[in-house]
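Okay, got some structures for you below.
After this come two complexes, each holding chain A, first together with chain B and then together with chain C.
== the complex of A and B ==
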């Protein structure tokens, strides 16, 4: 950590094999770099949209599977499969599924009457939404697993009392289930939010940041500068800006979302 | 056609080699190399060369993964152990990881690897940085080098000036000092076409870029696309498709020199715009979604029989001639890429160079040279090509009659290697960054988000910014 902080003030000259001191030069360059600002927007949209959908879907699935329906164990096992796949593999797999020539995804939506689907990965209007869709597909199970574990550990007498008192299923969810699982939801959301904020591997496998810069996230931009262009100092400075952004962002979020209720 | 800024660029291989010259050179080289067709080790009796001089040592090789380079060496590990007494260990990493590993290994106090394979586009950064051992003394030493090694005669001259010789003092390609030996594979870009479709439509094989787009439009019927290309946001968009058009149309990518700080790109000239526009026109008669096509998608579409014309690295698309992986293997022809009325096709020069890190003790360097000599020998070059269809490095392999019978594109690939042109910006370490920026802009033009002119103007601005930052342009 300290080493990378140190080199964020330098630039590496590959031919001479030496480090040149730049002071705050890398940081100044980043702040005046258009790609940095567009990457913030891409990352922000990705974190915001993916997180909201994943939390809503994950919590809903946890409550649904908490009803102990027949065959739910089998479905649950299938449901968590995407989460255990490597994101680069997920990216490459979806790249094949979304292939405009022979991809299974377009064939499937053709069956429901959409004959001219978009070119998901080559059209800047769709590429980010496709990336978000795949992220949701892969990571909703994570929210589900965490919330489901908490839900299973809740005392059953509270729910039984509510039913005896005549509370409807929706009221039970609203006034009993959600408050009791909220700590798990916040934990899973923050964990997922940080993970989503530093999304790199999925972008690498699926879109490589394109077309244009439409799916270039901050992490991918940092990777590109560090490991494709060998601008180690610039990439380190960018990573430190990300650390600062994440620390501030999630500290504010933790203050804003009450995990424990005092009443 | 010439670009606004002047005459076409030159490099050491600028004098095109015609088919007859190529075969003549290849036949001579083959005769010399033929003496060693069963391997360097068998030449032990000649002169004082002793392949077992460093028996008992271990040589570690770092290669790139995904290009089948490691396969031939792995096959020959026991052979090298038997003939040289040297144990060989091979590590193959994905391109990005390999490039990163090379940077750290070469700057460590002692290198972890004894032989490292370097991508041509990175040579200026690593060899120019003085990080590899000069090989001239090894090549001249009769005790350490077999008399049949035949360096430099058996290698295309342009390839030697790209992935072998380097002028470290002046930081430029070529010169007299040898730091790398071309290998494990080289390669350039050739044009693949469907013989049956062109013949049925009565269209001759395109010789100019105008012919190419005309043919692609006419052939774009009946479920077959006229052409395909690498149009994804990928450096290969520039290296394969755009540069083939640009250089063959007479374009000159750069003017000035980095040292004089006047190294200026010519990306907004008429030739650059015309080359992008040609790709946009081709996209209209390419498979749907070509804007996301990399190598795999393009070669697969061609091998499935969905495409009539394609430009590609022969080392990658050679598999289209293999009936096991191609539905149209028997219907394919291969020729040099098109040119213009006053220019001939000038594909980009690709390939790798094997070198011995400078930060090794002498004994390890010597042992590494023995192994490196074998894996860059004529016999190994033929073995690797025949078994894994990677493009060879030696003229004798390109001209080999038996291999040409088996792989009909090989002769064409050999001619392309003789005529290929090095990417101008390969001589500065920022090469990948520049190519990546241009690829991004041209990809946006191909998918319809901007015009060819806008894409070229944006790429020009990005390149100037990068070159100024790096101190190559005042």
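== the complex of A and C ==
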């Protein structure tokens, strides 16, 4: 880690094969780089939207599966599968599904009457939302598993006495279930948030940062500089900015959570 | 509630359940289907469900042998096992120490270890490559194993601390009174108790390696040493159009070991996540 901090002050000269000292040059260049700012925006939108949807969907799923329907165990097994899949393969898979010529997804929504769907991945207006959608598909199960595990561990008598007292199912969820699982939700959300902040492999598989810069996340931008353009110093400096952002974000979150718990 | 409305709500629940199942499984099923098609048949909408076995054999032969996925898979299995074993060998005593021995600052050490998880892999890929070059192990299995162990350890240690913390300290004390030293307590008394934790930690480390390709892409150049995810990533390049039947077959070949693994150990996965959540 210190090593990478070190090289973030340098620039690698491939022709001469040596390192030139730049001081804060890399950092200055990043801060005046348009792509950097756009990738912050992309990352921000992605983390924000995906996280909110995943938490809401994951918690709803957990409550839904609390009903113990027949066959739900089997469906649960299916549901866990997306999150253990290799994100690059997930990206490829969705690229096939969303293919403008023969993707099954467009055929499917054609059946319900949408005839001219957008070109999901190639249209800068839609590509980020498509990326977010796939992220949601893959990672909602994570929130679900964590919350569901906590939900299952709760003592059942609380629910029973509430039911005996005549509380409606919605009221039980609002006043009993949600407060009791909230710590698990927070835990899952933090982990998800951090992981989605560094999302790289899904972008790699799905859109390769494009079209244009519409899906270039910070992680992907750093990868591109390091691996495609061999700008190791620049890539390291960029990752350091990410680490700093993550640390600040994380400590702010940690401060905020206990506050929430008191309510 | 009347019987009718109960039936209605049951039906709604089951329909929802089926929809969830379809949304979860459908893309994966589609991948399987595509892997049974000829290149020219990919464009059929909707794809026909008829499977020609000769095409299946052809696709899989190309991926398994010509693209040497057999050797990649074996390679990944070797690397995964070594990394999992090493991380557990180092991680278990470390987790025990952090959970039990009252070392000054052990709280801080464990949070530091956990915070390593928040590092984006991109941030360390380049330094790792340069360090591995420095050690003269770039483009070797060892050059991949060292960083993978380093990456798995925080996760392994962190999961295991949770399991060690759940065991009441009275058990340690009883063992000590019976004359066991710390190592014997760990090996003979505590280890059997945290066995589920060890399984879980191992699984998580394995999943991580099966999906990791970024560091691998930096470290490994030679075809023969590529792991499955690294080979997968090589399939995508921004310029060349993708052969979808081959890509789908590659996808299936990558998924199958994971699917088999996850079906076998599903319970442990849930348990592992819970162990984290309880903390």
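Please note the rule applied: the second predicted complex is superposed on the first by the 257 of 263 C-alpha atoms of A that agree within 3 Å, B and C clash if a C-alpha of one lies under 4 Å from a C-alpha of the other, contacts with A are read in each partner's own complex, and residues count from 1 in each chain.
Here is the rule we use: contacts are C-beta pairs under 8 Å (C-beta built on N, C-alpha and C of every residue); 3 or more make two chains touch, one makes a residue touch a chain.
Small disclaimer: the values here were computed from a predicted structure and weren't measured.
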First (chain B), second (chain C), both or neither: which does A:248 touch?
neither
Just chain B (first), just chain C (second), both, or neither: which does A:101 touch?
both
When the two structures are overlaid on chain A, which partner does A:31 contact: first (chain B), second (chain C), both, or neither?
neither
Once the structures are superposed on A, label A:211 by its partner contacts, choosing first (chain B), second (chain C), both or neither.
first
With the two complexes superposed on chain A, say which partner A:158 touches: chain B (first), chain C (second), both, or neither.
neither
Of the two partners chain B and chain C, indicate the one touching more residues belonging to chain A.
C
Using the touch definition from the top, say if A:194 reaches chain B (first), chain C (second), both or neither.
second
Of the partners chain B and chain C, which touch A:52 in the superposed model: first, second, both, neither?
neither
Is A:119 touching anything from chain B or chain C once the two structures are fitted on A? First, second, both or neither.
first
One more residue to check, A:41. First (chain B), second (chain C), both or neither?
neither
Show which residues of chain A both chain B and chain C reach, each in its own complex.
99, 101, 208, 210, 227
Give every residue of chain B touching chain A within the complex, in rising order.
96, 99-100, 103, 107, 124-125, 128-131, 171, 232-234, 287-292, 297, 301, 306, 429-430, 432-433, 436, 440-441, 443-444, 447, 449
Of all residues in chain C, those that touch chain A in their complex:
13-14, 16-17, 20-21, 23-25, 27-28, 30-31, 34, 42-47, 115, 117-127, 130-131, 207, 210-211, 213-214, 217-218, 228-229, 232-233, 235-236, 238, 242, 244, 247-248, 250-251, 254-255, 258-259, 262-263, 266, 269-270, 273-274, 276-278
Mind listing the chain A positions that touch chain C in their complex?
1, 3-4, 7, 61, 64, 67, 69, 71-72, 74-75, 77-82, 84-97, 99, 101-102, 104, 107, 137, 141-142, 145-146, 149-150, 153, 184, 187-188, 194, 197-198, 200-201, 204-205, 208, 210, 218-219, 222-223, 226-227, 232, 235-236, 239-240, 242-243, 246-247, 250
Where on chain A is chain B touching in the complex?
14-17, 99-101, 119, 121-124, 207-213, 224, 227-231
